[in-house]
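Presented sequentially are two complexes of chain A, the first with chain B as partner and the second with chain C.
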Partner chain A sequence: MLEVQKLRKEYAGLTAVEGISFSLQPGDIFGFIGSNGAGKTTTIRMIATLLEPTSGTAILNGSDIHTDPMQVRRMIGYMPDFFGLYDDVKVWEYLDFFAAIYEVPFRQRAEVIDSVLEMTNLTVKRNAFVQSLSRGMQQRLSLARCLVHDPSLLLLDEPASGLDPRARAELKELIAELGRMGKMVIVSSHILPELADFCNTVGIIEHGELLAFGPVKEVVRSFHPSRILEARVITNPLGAATLLSAQPNVLNAQVMSEGEVRIDFTGDSEAQSDLLMLLVHEGYRVIGFTEQQADLEDVFLKITTGAVN
Partner chain B sequence: MATRKGLTAWLNVQKRTYVGNATSVRDYRVQLRGSRSVLLFGLYLIVLIGVAMTIYNQSEGTAISIAEAQQKLHSFYETVMILLGVVVSLVTPALAATAVVTERQRRSLDLIFSAPVTPKYYLVGKALAGFRYTWMLLVLALPITAACVVLGGATWSDVLVSFTLLSFQGLVLMSIGLLISTLATKAVSAVVWTYVAVAAYLGLTGIASYTVFTNLLDHQPDNQTFLLDLSPFFVVSGAPTSTTIGTLVFPNWVAACLICLAATKILLLGAGTVLDPSNSKLVRSLRIHGLVYVTAIAGVAGISLARFWNDSPIYTGPVAVLLSMPLVIVVPHLTAYAREGARRHRPNGLCNFRRMLDGTPAGALPYLLSLVVLLSLSITAGAALTGAHIRWVESGSSFVYLLAFWTLMWSLGRATSAYLNDLKLARILQVVSFLALVVVPLPLLAVFAQYDNSDTGWYVWILRPMTAMQGENALPLAYAFACAVGAGLITWWSEVRLGKRFETLSTGTVDRGLVEQLPIPNHLNGSATSAKLEDAEIRLSSR
Partner chain C sequence: MIQTKSRTRGRARLQTLARNLIIENPMIVEVTRFRRRFLTFGPNPITNVMLALVLVIYFSLILVLIAARGSIPPLALVMGQTGIFALAAPAMLHSAIVGERERRSWDLLLVAPISKAQIVVGKFLGALSALSVASFFFAIPIALSWFLSLGKSLGGGSGLIEVILGELVSLSFTILVCAFTMLISARVKRSFMALGVTLGSLLVFLGLLPALFGTALSGDRIGTEFLLLGHPLMALNELYIRASPYQDTNDPLFSMALYGLPHVVIYSALSAVMIGWTINTLTFAENEVKFLPKSKSALRKAKSHA
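Entry: the complex of A and B
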């Protein structure tokens, strides 16, 4: 279990992270969303014990980043937003080096290397030089490096940046698999629809402050209590809008364009069905009646201003 | 049982660090990969054999006596060893200078330090990899030196001692390179600065060794013959020398190896604290080493002083002032802390003796003064131990002046930190202010003295007490008073400014952890935290 308590980081004259608190359970895949400079990387680096917090702490499975950083490091796999790969080193040598510094016993290393290579689909590249790998493969190798010591928490900072759609899909599947294996994963990303696909928890950070945190659906619901419906009628959209505005559960109805009426609606599915029936009953010729799905992107755009540190 | 477990764990850590160090294995693997290293080693051997052949041909004669031939062979051996000294001095720093900085540029340092890796493990690995390479170069030269032994120019023990000395000197050069590599941000600047530092080291040890060497040639007794063994270019001359302490005869090469190990340790500790500045264990160790080394060096200086002045009464003050001047290199690191979040540079008080070794701003003054006290006492003790007659009153007043002078330097560090956000700038400003006080007036005063034909002008120089004559006891005390007043005023100004700046920096909700680090006046007792908390709440609510 990871517990982040009032984590704060101040640099000369600016507060990069302002007392962030959240907790994760095994199997949680936490999507960390924020603009560039919002404080995602700083938070991740503090949890990775690479940056000393000004105040606050993080506790991973009972080990505090302040008092027991070495134990915390044994339990985390950190993948930054850059590769940091060595030249003149073969794939297996690269993994062997990290297995050694993560204190994996010498006799187990070959087996561990084979298994992480298989997991990341890099077995055929075992003896290739690191610099000869494609960007997607290098990213997978970085992930393999994070897995050599079987960590309970993975910190992935922008793992999908610069990858082509196929490599991105593969990486997404791999992260989802890690979640199923019971690992906690923190993924920071700009690509919001992707995060919504495989994250079960999200946090939105801006200007160093955690504006929202929780399961994806709950976060979306809490920032979008009403639903947006779109009705398309052939004639008299203004009359339809006036009629709908007078109905209970309708907060607002306004004509948009080409006979389209946008309805801000708080009712349930039955009430939604009643609304359609009413329109038809009143003689409006309805050619479309759909619900707009609110997603993470809507929430993100709604609650953030784009301010950066 | 617990002790055995502890010992086993310790042994495992040592084995992991020194025997199976992953960093060293990886670096060495890369160094020896491909045909590049084979070509380099081949070329090195060809050059070495070529040089050896040339020297041998020059020293070859047809009708010379056995003694003459042996003399020539010894010169040949000496030249080969100097050549190896040059190889060690050139290759080792180059290997070390790029070791850490390239990792920083490649951004792989973060990956390493997100694993359970200590700076010690990492730096030892880097040093081992570089050192092993240097050692291979030495081993490759062994057949040529062996020829000297076979032909009668040297003995096996000479070769063994010389190689041991070169190896240990290589360690020091390696550590200098690693320290600069951890400080640098670019590989080119790391290489340049490493060679500058190595040149300074070789220059100093070379001059010292040369002085001793010429003394030896003149058959003058010199107590510091071990200095010969500290220069890679004097290993042949230094190897057979020894120092006599009482009835014990101590081989100098052993002393030199121990000194090299000690220097390596403190340099690597310094590099470790650069890599992990929040590692209080490392900072503590570095500071303790600093205290011990300053005491040892000052003690040796004290003994030399007594020998130099023979039977005349000794005034240790000027030597203490002079010897304390290199402290200017460390003082900015001790006293300037600025407000950079990446390090523990938040002000935690003015002066706290319990913080002396932990690297926080409150411990700077106690640590600095401890260095000065140990330095002064050790010089005096060294001189007194050899039976010298000490001028206690003059030495005492000079000691008071020395304390006040370095307190003034400390206050300048506080002031620059209160004025600037950037740590590097604060440190530079402190060095500049030191130079402005100590060095810049020198040429002006020299010119003035020439014109004035008296030394009146020198009275405005801050280091004037160093040149005080016998009976001028009040002079150092007057300067000490002036320095103390200056330090007090500067400190007061900085604390006022620091308080104001903290107000501008604390935003948002009151955080107890943050408030703990507010600057507090020394007179506040245990209730300070709640007082500070209230104070901070008032400040925030008023905004």
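Entry: the complex of A and C
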């Protein structure tokens, strides 16, 4: 379990992180969302014991980053937003080096390396030099490095940046698999729809403050209490919009384009069905009536201002 | 009883230290990296060309020694070795730590459960392994030169004890240069800065200052030698002269206590101090932002300004 308690970081008068608190359970995949300079990387680096917090702390499985940083380091896998690979070593040597650093017993190392290479789909590159790998493969090698010591918490800072769509899809699947294995994963990313796909918890940070935290659906619902419906009618969309605006549970209805009416709706599914019936009953020829799902991007744009530290 | 206990405890502590820093130090992988980078032909064409050039020069040297039939004194080769190693050590080690920062692999080491001492000593041992291979290959022409000079009356530089002592001075000085390069590499922000500062310092301490002292104290041999007591080439030169059959053995400046062993001890001690200083220099990665720590007053000023 990870408990982050009022974590704060100041640099010579500038507050980069303003007392962030949250907690994660095994199996949680936490998407950390924020603009550049919002404080994501600083928070991750403090949890990784790379930066000393000005105040506050983080406790991983009972070990405090202040009092027992070495023990915390044994339990985390940190993947920064850059590769940091050695050019003059082979893939297996690179992993063996980090396995040795993380005190993986010598006799188990070959097995561990084979297993992480298989998991990251790099087995065929076992004897290749690191410099010969493509960007996507280097990213996967970085992830393999994080896994050699079987950490309970993975800190992935912008893991999908610069990857092509296929490599992104593979990485996404890999992270989801790590969550299923019971690991806690903190992923920071700008690609919000991707995070929503595999994260069960999200946090939105701006100006060093955590503006929202919780399961994806709850965060979306809490910032979007109303739902957006889209009705498509063949004739007289303006009349349809006027009719709908007068109904209970409808906050607003307006014509968007080509017969599309956008309805800001607070009712339940039955009330939604009643709206459709009303339109048909009043003679409007409806060819579409769907709910538009509010997503993380909407929430992010709604609650953040774009301010950076 | 108490003495035995403390001795046992001290021995156990030394063993733990040796295990952590040398035997079980994962950074020993640096030995492989140094070997691959500097001592084997590989994918890097520059390394390949340099290595080929070194081999050609090496075998040419052996041929020249054979052709000269013992007229080249071994201590002259030791002097040449000292100069070459003093240049090669910064070239090999200048990016040892700053290169990790530039490559941004430094964070990965700092976030791992490994001590700063293990990082520094591992990198240092990597350089020493390359150095030991190079000195082994250099020892062959030196031994050959000594062997060929047996029974010949050279001007100096061929006595066995002086040659061995000279070799020790040369190697311990190279180790000191390695330690100094590591220290600079830990304290600057760019690799080329580390190389420049190290070579510049060597130029000042081995070339400019001795020339300045020599000019200022011209004619005052004792004064000049006192000021240049730590200079490796001065020590080697004295050993060279000492091995000469024409040397006046009553000259008080010829004491073995002044040249040779003291240099080895001083260079080794300075190397240990510099390694310790390097370890102490490595602090949190926060220092990447402003690596050379500002004075407390400057920090206070910056804070109040902010």
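Methods note: the second predicted complex is superposed on the first by the 309 of 309 C-alpha atoms of A that agree within 3 Å, B and C clash if a C-alpha of one lies under 4 Å from a C-alpha of the other, contacts with A are read in each partner's own complex, and residues count from 1 in each chain.
The working rule: contacts are C-beta pairs under 8 Å (C-beta built on N, C-alpha and C of every residue); 3 or more make two chains touch, one makes a residue touch a chain.
From a predicted model like this one, the values you see are computed outputs, not experimental measurements.
Superposition note: with chain A as the common reference, chain B and chain C are in steric clash.
In the superposition on chain A, A:L195 makes contact with neither chain B nor chain C.
Once the two complexes are overlaid on the shared chain, A:I29 sits clear of chain B and of chain C alike. In the superposed model, A:L211 lies in contact with neither chain B nor chain C.
Once chain A of one complex is fitted onto chain A of the other, the partner contacts of A:I113 are absent, as it touches neither chain B nor chain C.
With both complexes placed on chain A, chain A has more residues touched by B than by the other of chain B and chain C. When the shared chain is aligned, chain B and chain C each come close enough to touch A:L85. Contacts of A:R73 after superposition on the shared chain: both chain B and chain C are touched.
The clashing stretch of chain B relative to chain C, chosen from 243-251, 315-323 or 423-431, is 423-431 in the chain A superposition. The contact surfaces that chain B and chain C form on chain A in the two complexes overlap at residues 11-13, 45, 48-52, 70-71, 73-74, 76, 78, 80, 82, 84-86, 88-89, 93, 97-98, 100-103, 145. Considering their complex, residues 26-27, 29, 32-33, 36-37, 42-43, 103-114, 284-286, 289, 299, 302-303, 305-306 of chain C touch chain A.
Contacts from chain B toward chain A in the complex involve residues 16, 20, 22-23, 25-26, 29-30, 33, 106-108, 110-118, 121, 278, 338-344, 346, 421-422, 505, 507-509, 511, 513-514. Interface residues of chain A, counted against chain B in their complex, comprise 6, 8-13, 15-16, 18-19, 45, 48-52, 54-56, 70-71, 73-74, 76, 78, 80, 82, 84-89, 93, 97-98, 100-103, 106, 145, 149.
On the side of chain A, the complex with chain C involves touching residues 11-14, 45, 48-52, 70-71, 73-74, 76, 78, 80, 82-86, 88-89, 93, 96-98, 100-103, 129, 131, 145.
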